[in-house]
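Letters A, B, C and D name the chains as they come in the text, with residue numbers starting at 1 for each one.
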Amino acid sequence: MDFAHSAAARDTIERMTAFMNEHVIPAEKTYFEQLKRGEDWTRWNQPPVMEELKAKAKAAGLWNLFLPEPEYGNRLSNVDYAPLAEITGRSVIAPEVFNCNAPDTGNMEVLVKYGSEEQKARWLKPLLDGTVRSAFCMTEPGVASSDATNMQATAIVEGDEVVLNGRKWWSSGIGHPNCKVAIFMGLTDPSADKHKQHSMVLVPLDAPGVKIERMLPVFGTLDEPYGHGEVSFTNVRLPLSAFIAGPGRGFEIAQGRLGPGRIHHCMRAIGAAEYALELMCKRAMTRVAFGKPLAKLGGNIDVVANARMAIEQARLLTLKAAWMMDTVGVKGAMSEISQIKVVAPNMATQVIDAAMQMHGGAGLSEDFPLTALYAYTRVLRLADGPDEVHRLVIGKLEFKKQAAKFGVAL
Amino acid sequence: MDFAHSAAARDTIERMTAFMNEHVIPAEKTYFEQLKRGEDWTRWNQPPVMEELKAKAKAAGLWNLFLPEPEYGNRLSNVDYAPLAEITGRSVIAPEVFNCNAPDTGNMEVLVKYGSEEQKARWLKPLLDGTVRSAFCMTEPGVASSDATNMQATAIVEGDEVVLNGRKWWSSGIGHPNCKVAIFMGLTDPSADKHKQHSMVLVPLDAPGVKIERMLPVFGTLDEPYGHGEVSFTNVRLPLSAFIAGPGRGFEIAQGRLGPGRIHHCMRAIGAAEYALELMCKRAMTRVAFGKPLAKLGGNIDVVANARMAIEQARLLTLKAAWMMDTVGVKGAMSEISQIKVVAPNMATQVIDAAMQMHGGAGLSEDFPLTALYAYTRVLRLADGPDEVHRLVIGKLEFKKQAAKFGVAL
Amino acid sequence: MDFAHSAAARDTIERMTAFMNEHVIPAEKTYFEQLKRGEDWTRWNQPPVMEELKAKAKAAGLWNLFLPEPEYGNRLSNVDYAPLAEITGRSVIAPEVFNCNAPDTGNMEVLVKYGSEEQKARWLKPLLDGTVRSAFCMTEPGVASSDATNMQATAIVEGDEVVLNGRKWWSSGIGHPNCKVAIFMGLTDPSADKHKQHSMVLVPLDAPGVKIERMLPVFGTLDEPYGHGEVSFTNVRLPLSAFIAGPGRGFEIAQGRLGPGRIHHCMRAIGAAEYALELMCKRAMTRVAFGKPLAKLGGNIDVVANARMAIEQARLLTLKAAWMMDTVGVKGAMSEISQIKVVAPNMATQVIDAAMQMHGGAGLSEDFPLTALYAYTRVLRLADGPDEVHRLVIGKLEFKKQAAKFGVAL
Amino acid sequence: MDFAHSAAARDTIERMTAFMNEHVIPAEKTYFEQLKRGEDWTRWNQPPVMEELKAKAKAAGLWNLFLPEPEYGNRLSNVDYAPLAEITGRSVIAPEVFNCNAPDTGNMEVLVKYGSEEQKARWLKPLLDGTVRSAFCMTEPGVASSDATNMQATAIVEGDEVVLNGRKWWSSGIGHPNCKVAIFMGLTDPSADKHKQHSMVLVPLDAPGVKIERMLPVFGTLDEPYGHGEVSFTNVRLPLSAFIAGPGRGFEIAQGRLGPGRIHHCMRAIGAAEYALELMCKRAMTRVAFGKPLAKLGGNIDVVANARMAIEQARLLTLKAAWMMDTVGVKGAMSEISQIKVVAPNMATQVIDAAMQMHGGAGLSEDFPLTALYAYTRVLRLADGPDEVHRLVIGKLEFKKQAAKFGVAL
């Protein structure tokens, strides 16, 4: 048992941390000044500074690090990549800088594993280059998407075409001006086995019948220029080559897609919590009330101690889940992946909330990044499966394991 | 001991509930359509429908109900008014409709109790009529305002004038186009007794030297058209008659001002929680996953039960605090008032958060009022004293009481 | 709405408090010295001081106060009796002193309401006089008793006799040397309607076939001289007059029996918590570490404040439940009764646990009453229905209420 | 980063698990039958089966595994030993079987590191052989021992003797018939530097002036045959060779003594929690209410999932603390050691409490080991420093670290 990072991880952590401090954090102010925000999402822009940062990150070899496949330039395992994801959690603009942001990472993984050569050439290449962006259209407004079999959108084969119909929402990143393609998931064959009924289809956003209806606010913010879109698909006709890996393989692909993404989300949440703890300490040490720094008043030191313990535990669990993905695969790490999906975002929202409280009213304003971090991590308690579904998974696997031990049938 | 509302309270509850259902709730959509939002607060407007609602409420005798003084038209005690405040917690536009919104209520109370005849004629009258609105300028950006003696703004007597200097923030309501006056609190005489150094001064917002610097967002929202302002006061010169009750009485006035306001805030928070519980139940009963309504899945029924228990307890405690204010006064109810100030907003944020979770992604969007209610109640954990300060008050009073019992000195 | 106790309640509270301080608390030491403890329950005794205390309480008119029926000497409503139950929560020996201890109170209520004249003469009279004690045999070791329809013991009519068979446990008080009778609940007619299958039967403990198998420890204590017994009933034959109210009325009687008992349990738990808070404060004010009393260290004052808020809320909710029982009856107060049954014992265990922690190692020893109070209140999270079942009741009633409001069917 | 146990650890885990299942668990019943319990601690005995088990463990090479020094037969690092400590947490009799129980382990470590040759020959040898047992006398009844500088007992040099006076309590294990020696800590020189005033002294329990006053119950249990003693020392005269490492080195020794002991305690607490989770699952899968196993009712599956997540996190944090002790030493691991000291016992009490609740009344009886495990882990929230002191340590170290980062002085 060895809790030290590998030499490769240590080296990249060091370089990435330096890059964040030198380039990313100082550019945040410019980024938000260049960014056009507001309800009319068609006016959103890519702030020029982002393209400059991306070029620098690429030049520094800090690009596409999430991909373990050596042919795409990175040899980091999940457990080695995890601390890098944590670092990017300290800035909402960082993931794009390193081309490591959701849902592009998951979409690229899907194309690496399941894409045809044509699909790779047309979409994977520019995604890897960072010249286009993508969306993932799975969740639907009309049904409880925590149960994926509720899905009502369709991807029906008609002759040599696939026809898409339905309404999706929470399609994150779809508002970005560079977003050109989406992976759409829909029902193809209701008569097939339960997990072979659905397909994934690559849809260019300019295909006739695709309409972005609106952008959904989250805790009052639209997350410009990414956005969370509600999108309608009306008789969208595409060639059969638009299927990823062929009809009926949607669940199979979805299953594999989620593991690494959850590690990334959780590590970013941990990075956000760590950042909030730093801000909390700084505030506690420098703000004075009743003649003392807040750090010396009442239970404030306990708040800091509790935050430290919660962060350490969540991080170790997430690293272990990553290590299990590397050693026994997604299936073997299923309980652990669900565990971190519950633990990390809950921990992060609590730590960030405590940091807000330590900041007084300022903590709720935009003078500090805390409400933005809160919104980001609060979303994670629902995105990629709500806490409730993950607890169910954990509990079921636990009962299964124990039942085997006791020879009990449940 | 009698937990039934008085006949007067029951009657007003009934009429107000009917008015809410007939007039206020159905007008919300129109209100927000008429409302001009955005970062440029000088463009904010009073939506015409609000004035129509106010006229109706006045005609229905549902106006200024917060004031216990019979000469101002209401004979309701605090404990009788409390359930009315709860009802208004169900709609963010309701408090203004009934002329019962902070900080106007607190400011009117101050003028009723401490205002000169001139001040009453100039400011109390139009406030009671609902033709102007007001702000309260106490909290400062540079210091921890949880300790009021930190206050740095000044209200210095020079000849027959008082001169105001300093910077205030979280001046709520100051962005409203009808907001014409603020109560400013500042240091007058540092050589006086600790609680006689500060004064309250009535400042017309068009007085030279008053400048609204910006509006502060709270969890990403600006709360248009009310806003939370940061305001600078630079050599603002006013006649000595602008002092409320004379120089040095700021703390005395502040003390009395806070009791009823905390009851109102807490009851509105309870109303918000009750509303969130309703929405949670409705969602749980109508949304289906894994073949069952959410209400029948896992621990969801426990979530509902926990919310119910938390709301009931917070409401009873708040009503008791109101009853104590009526029977033994603010001073005798000091622990109870601090208790509800901790209990009610914390309970409300937790219930509302649980309601969000039951709604899935939709709960975080503006399709439901939950994030707005969350932001409103989250602010209350800081406004009018953070939880930490109130816990300190409760703990100290408890030790004092117990010390007397045991004959121990602390 | 009036939070003041009635004059009758106030008077009795005053007299009972005085009696507790003058007689009960000072007698505790003697009581435990006179008490014979140990695993051999047949050697347990009634400490003589208890009979002296009972005589004094009777003489002082502080006797059988739990009974609202005026013919039995008390005119206190449930809401007026509740604070008296709280007072008795401060001493584990107090309830018997005032003849107000479970399960005798519930058993007496059953006999008052459902007993035949013969049953009243034989058992109610001596119970009211405090010359005999009783047990209640409902819970069974073999099945989950949270679901009463699981019950497997039988009370079968054979000719002019009823024959009892089965095994019961957690029959509290059955180890007391004065315990002479038990109310036994069993299945009489499996073909009847679901809630008319069971009966209650009065069983003299010396009836052939009744055997106390052992006493169950709770958190390591046997609760001498009361005990929690496991009892077997083997072909116990009794005349048909032993049925209470006749065969098949067990559930009907059980339903009515539980309401007041839950109020009593909860108020005693609140009394225990209030006592623990007193001890916690005393310790915090008098124990010094790092040069300061514990009261001034870290978050200890928050611990005290949190305890105060939790106690106040639980007490108000319990009083309201009692008031509802008085005004709308057990059925109308069903949700509130389940709410207090969850809230009060959980609150009490938490407050007592915090008090232990403030006492350091001493808090876990018998130098302080805290572990005894903890055990008593921890049991209440299971006795008379576990938290889980009460949450289910609360949740279902909430859904029902909301469903009616929204016109939704669940 | 590698979460796999080393080959040596894996091998020992396997052998120890097998030994537990084959020998220890099946012997528990016999052990408790042979054990003489009761208030008269002088009648306590060593159950013969324990000596048989010890002989078997020694023969199997599962003996003294806690000692990393190879000369004493074990080459396991702290991180490799930790999972073995966890295994012993499943049975209260296991630690002694493997000669790995507190306080003997800590005392042996002290003698290994600081003992003179004479001390090693006289006490370390028989302790390593398991023929005698020992106690540790540090905590005092009269003062808050969380602040060790409060200590009032004295170890004064008079000529060629050291004279001990004072009263100690919570001297665990001192009631065991084999307990022959204690390490006593007391004040030697109040004029020395703050951390050089105290000494540790080896005291044979039969030395004149040593008197065991009583055994302290913990949650109603005396922990026979170990016990927690209150001991008075009255003019106990010993040769100067009884000092460990000489006068004034008490704090230095205490500091080093605590690290590994805390790992052991925490890992045993985790083992207890893991065992409670097993029992909880078994009960949930086999007990039926309302027509379903408890596992399928309400939020029970969430309870199981929450327990799993809490255990995993606490274990990883404890293993990391052990690894840090191995790699950067006790001083470098100070925050982590305090963190696990808070996290593990709190987690364990919560998981065990949830397991009790799942068992209904039976969970509170001695039919299941849950209350014993609860008492054991509840004690750990106070022993070796209460939670409050450890939180203080964590918070201070955090502030120190952050202050360095921000260039802030606190």
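Keep this in mind: contacts are C-beta pairs under 8 Å (C-beta built on N, C-alpha and C of every residue); 3 or more make two chains touch, one makes a residue touch a chain.
Note that the coordinates shown come from a computational prediction; the quantities given were computed from them, not determined experimentally.
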item	value
Chain whose mean Cα position lies farthest from chain A	C
Winner on C-beta contact pairs when A-B is weighed against A-D	A-D
Centre-of-Cα separation between chain D and chain A, whole angstrom	43
Chain A and chain C: spacing of chain centres that average the CA atoms, whole Å	52
Mean-CA-position distance for chain B and chain A (Å)	38
Two or more partner chains touched - positions in chain B	298-299, 301-302, 388, 391-392
Residue numbers on chain A that touch chain B, as the complex places them	38, 139, 141, 143-147, 150, 169-170, 216-221, 287-290, 294, 297-300, 356-357, 360-367, 371-372, 374-375, 378-379, 381-383, 386-388, 391-392
List of chain C residues in touch with chain A within their complex	298-299, 301-302
Contacting residues of chain D [partner chain A, same complex]	1-6, 9, 79-80, 277-278, 281-282, 284-286, 293, 295, 301-302, 304-306, 308-309, 312-314, 316-317, 319-320, 323-324, 327, 335-336, 339, 342-343, 388, 390-392, 394-396, 398-399, 402-403, 405-406, 408, 410
